[in-house]
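What follows is a group of structures, each given as structure tokens.
In the two complexes that follow, chain A is the common piece, with chain B as its partner first and chain C second.
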Partner chain A sequence: MILHPTVIANLLAAYIGSGMVLYAVFYGVQILRHWDIQSGHELQLVLERKTYLISTLLSYVFGLQLLSLFLYIFTADSLTPLFVGAMCAAGTLNVDSFGYPTLVLKIFNFILAGLWLVLNYADNQGYDYPLIKKKYLLLAVVAPFILLETILESAYFLSMKADVITSCCGSLFSSERVTGIGSEIASLPALPMMWIFYSTMFCTLLCGIFFYMKGLGGYLYAALSLLMFIISLVSIVSFISLYIYELPTHHCPFCIIMEEYNYIGYLLYILLFGAVVSGIGVGALLPFRQVESLQAMLGGFIRNLALTSVILYAAFTAMVSYEIVSSSLVIAYEVVY
Partner chain B sequence: MKLFIKPFPAYVGRAVRALAPKARTARPTADVLKPEIEERNFYRQLYTKIILWLFLLFSVNVSFADEPEVTIKKSDRCPVCGMFVYKYPKWVAQIMFKDGSYYFYDGAKDMFKHIFDTAKYTPGKSAENIKAIYVTDYYEVELIDAKSAFYVLGSDVLGPMGHELLPFKDRESAQEFLEDHKGKSIIRYQDVTPAVIESLDHRS
Partner chain C sequence: MIELVNVKKVFNAGNPSEFSALNSVNLFIEENQVTVLKGPSGSGKTTLLSIVGCMSRPSAGRVKLQGREITSLPERFLTDIRRKTFGFIFQQPNLIKGISVLDNVMLPAYPLGEKRSHLKIKAMKGLCELNIANKAASKVEWLSGGEAQRASIVRALINDPHIIIADEPTAHLDTKLSYRFMEIIEKFKAEGKTVIITSHDPLVYESTMVDRVVKLRDGQIED
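And now, the complex of A and B:
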């Protein structure tokens, strides 16, 4: 283990979050089993009072969960000088076999936590706890992943050893290596990928605006925004990074968060993650439009979510296009490795 | 490191002119010409200082005259791995192309990778157009010609990119390093092949 302030912050955040989630799940399960709004039973009254505590508590925990993804990346980036061969977060995450699984889980949990926050917000708008069972069901689904993440994250930080020679992102995300998802994405040809990115983004934005105006095609937008999220992540490795670094062979998705690149990566990732959470949130809330106590506000809230998602995706595309236009790198033909 | 001498500033010329004719005139009485003497002393001191500075500049310039120009900017990155080179000044290697462009590397290993596959990392350039290659001597920490350097393989000293070729300007220092740091062999520039570089990357 390496006693670095950021490592301690990460682990502390993970343990506090997991502890709170465990506590919430304990009552969540009781709510799932015994909740009955019509009953005046003592347990029901206790649960009704507890749900306020728990939903407030979870709002903070999941808010922390959203932040912890960026804290994790920041930590990996700031530990770089300690490992031979690492030049950015990519190398640090590769120090032991728990680094990347933790990251994947963190991204997954980020989306789930974001969805829970959206659901919780909608639930709090109705006077009769309209979505209470749904949101605690979602909590029961999220909780194991959060616990697993904590275990993996602890394993990652605890088994870190400073004398390991790790791989630099230049080799992790290069087309030379035969194996590894990083190099597979990196070897995708840049120009076709660019076409796919821009055309899908165009469709997504169009669909989002159409839903905002007419209120139709919400599920399609939710699906498209998830697809767009994945395509954007692949695009960052495949061609966006090339333009930011202005190097024809450098595909790393982590170096862009460094100071030398004006922390542009954080901005790109915040836009992207915000866009996907609000986009999927649209799909998650659509089935509850007819719930009586929510009818008045839910439609407007869903449309605002869609608008937020569209604006964030548009900002992401604008950022990327600016980087491409202002870059001195020119990708011609298929000279991309 | 290349330093260049600026053209003489205007006051140097003035100082010389002020000194030269007056040195030959007869010494006037002190009282009348006191200001002039003071002025002359001032210029004399200035003159001495200038000569001293010129001498210093000249001596520095001579000793570094044949060295490559090392001005690593904060934005310079290794074209092979993308690392910022300014963070690892002890490991810098450099290639200068005939068209005036130059690249820095965070170790001799990446430099050789670029030489072996120039078009891949810098499309449109080829290894034939390389004008000069430099590596940093591990003991002296100064740039030396890569082709005349001695490289130690297999030592326990790691560079920013892991196992490295450690460059030395002469065989004695390379041998000394090999003995001190459990090195395995000393090779010359022409002995470095893609296979050697590959083996460095695959040592665990």
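And now, the complex of A and C:
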């Protein structure tokens, strides 16, 4: 293990978060088993009081979970000078076999935690805890992944050794390599990917605006926002990074978070992750529009979520377009390096 | 109007100092009536009143207000009900020192966002009705005991509540002021309000305007 302040911060955040999630799951299971709003039994009243504590606690834990993704990437980036061969977070994450699985799990948990926060907010607006069982069911689904993430993250940081020679991002995200998902994405043709990105984004934004104005097509928007999230991540590797680095061969999705590129990667990722969580949140809440105690507010909240998602995706597209337009790189033909 | 179903309240549950203040209380309080909860000290009167007034939650059981179950409500909904439905008159006036009588009276209405000018008119009207309008600008520490009690009554009425809850209101009043207080209660009744009072003062529970006396002992209702 490398005793670096950011490593300690990551591990502490993971252990505190997991401990609190375990505590919440204990009461969550009781709520799932014994909750009966009609009952005046002592246990029911205890659970009603406990749910305030748990939902407040989980709001902070999942808020921390959202931040921990960026802290993890920042840590990987700041540890780069310690490993031979590492040029950015991509290399640091490759120093052992747990770095990338942890990252994937953190992305997955970011979306689940975001969805839980959306569901919790909606539930708190109703006078009769309308979504309580749903949100604790979701917690029961999220909890194992949070715990698994903590185990993988611990394994990653604890098995880190400074004398390891790792690969640089140029090698991991190279269109010349034949194996590895990073290289496969990097080798996707840039210009067709650009067309796919802009056309899908156009459809997504159109669908989002239509839903915001007419209240129709919410599920479609939720699906499109998830699809757009995946396409955007692929696009960052495939062509967006090329314009930011102004190099036709550099596809790294991590170098963009560095100071040399004005930390633009953080902004792009925050916009993207915010957009997907609010976009999927639309689909997650749509089935509950007819719940009596939520009828007055849920429609407006869902529309606001859709609008937030649309604005974030539009801002992401604007940032990407600015980088492309202001870049010295011109891709006039297929990159074959 | 208010229904208590099997209400229990236990303090320090699970500790050696555990104390059961209310034991399976079932009670129905009619609308537009004056109900007095009578009983010795420690009988559970104030605990019951605080549960009825949404100031505390029972350990078990349910409370229904106009047919709607309110004990399970999340805190912010309960606050809204407490603010709009109940007016509280306490044993002590509990006025805030350092500010005027008028400001004290208007204070519970601030969270509702009513226009200050409207609020001021309403507060002055209330102070006029209880003959303390001339003290509106005075600081509360300058008031006599009776004036302070009347100011607290006007404060309890500022949000026009349907239900007035008074906890031992005459405990610190002399006989003359206690009679004056009961006259005010009679006026509330005439206006259609429901009044719930806890008291072990005969002047209160023997009053002709009281519709029902509920006797409490050891956390239970006596038949």
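In this section, the second predicted complex is superposed on the first by the 335 of 337 C-alpha atoms of A that agree within 3 Å, B and C clash if a C-alpha of one lies under 4 Å from a C-alpha of the other, contacts with A are read in each partner's own complex, and residues count from 1 in each chain.
Methods note: a contact is a pair of C-beta atoms (placed from the backbone, for glycine too) under 8 Å apart; a residue touches a chain by one contact, two chains touch by 3 or more.
From a predicted model like this one, the values you see are computed outputs, not experimental measurements.
Q: Let's test your reading of the overlay: on chain A, do chain B and chain C clash or fit side by side?
A: fit
Q: A:129 in the overlay: touching chain B, chain C, both, or neither? Say first, second, both or neither.
A: second
Q: Which partner reaches more residues of chain A, chain B or chain C?
A: B
Q: A:212 contacts which: chain B (first), chain C (second), both, neither?
A: neither
Q: Between chain B (first) and chain C (second), which does A:98 come into contact with in this model arrangement: first, second, both, or neither?
A: neither
Q: Report for A:249: first if it touches chain B alone, second if chain C alone, otherwise both or neither.
A: first
Q: For A:171, using the defined touch cut-off, is the partner it touches chain B, chain C, both, or neither? Pick first, second, both or neither.
A: In the superposition, A:171 contacts chain B only.
Q: Look at A:116 in the shared chain and tell me whether it touches chain B only, chain C only, both, or neither; answer first, second, both or neither.
A: Once the two structures are laid over each other on A, A:116 reaches no partner at all.
Q: In the combined three-chain arrangement, what's the angle at chain A toward chain B and chain C (CA centres, steps of 10°)?
A: Computed from the C-alpha centres, it is 130 degrees.
Q: Contacts for A:156 in the overlay, against chain B (first) and chain C (second): which applies, first, second, both or neither?
A: A:156 contacts neither chain B nor chain C.
Q: Thinking of the overlay built on chain A, is A:45 touched by chain B (first), by chain C (second), by both, or by neither?
A: Only chain C; A:45 stays clear of chain B.
Q: A:239 in the overlay: touching chain B, chain C, both, or neither? Say first, second, both or neither.
A: Touch partners of A:239: none, neither chain B nor chain C.
Q: Measuring by CA atoms in the overlay, how small does the chain B-chain C distance get, in Å?
A: Minimum over all C-alpha pairs: 55 Å.
Q: Which residues, counting only chain C, touch chain A once they are in their complex?
A: 5-6, 8, 57-62, 71-75, 77
Q: If you look only at chain A, which of its residues touch chain B in the complex?
A: 84-85, 87, 165, 168-171, 245, 247-250, 252, 255, 260, 335, 337
Q: So in the complex, the part of chain A that touches chain C is made up of which residues?
A: Against chain C, chain A makes touches at 37, 40-42, 44-45, 48-49, 52, 124, 127-129.
Q: Would you tell me which residues of chain B are touching chain A in their complex?
A: 74-75, 77, 79-84, 120-123, 158-163, 201, 204
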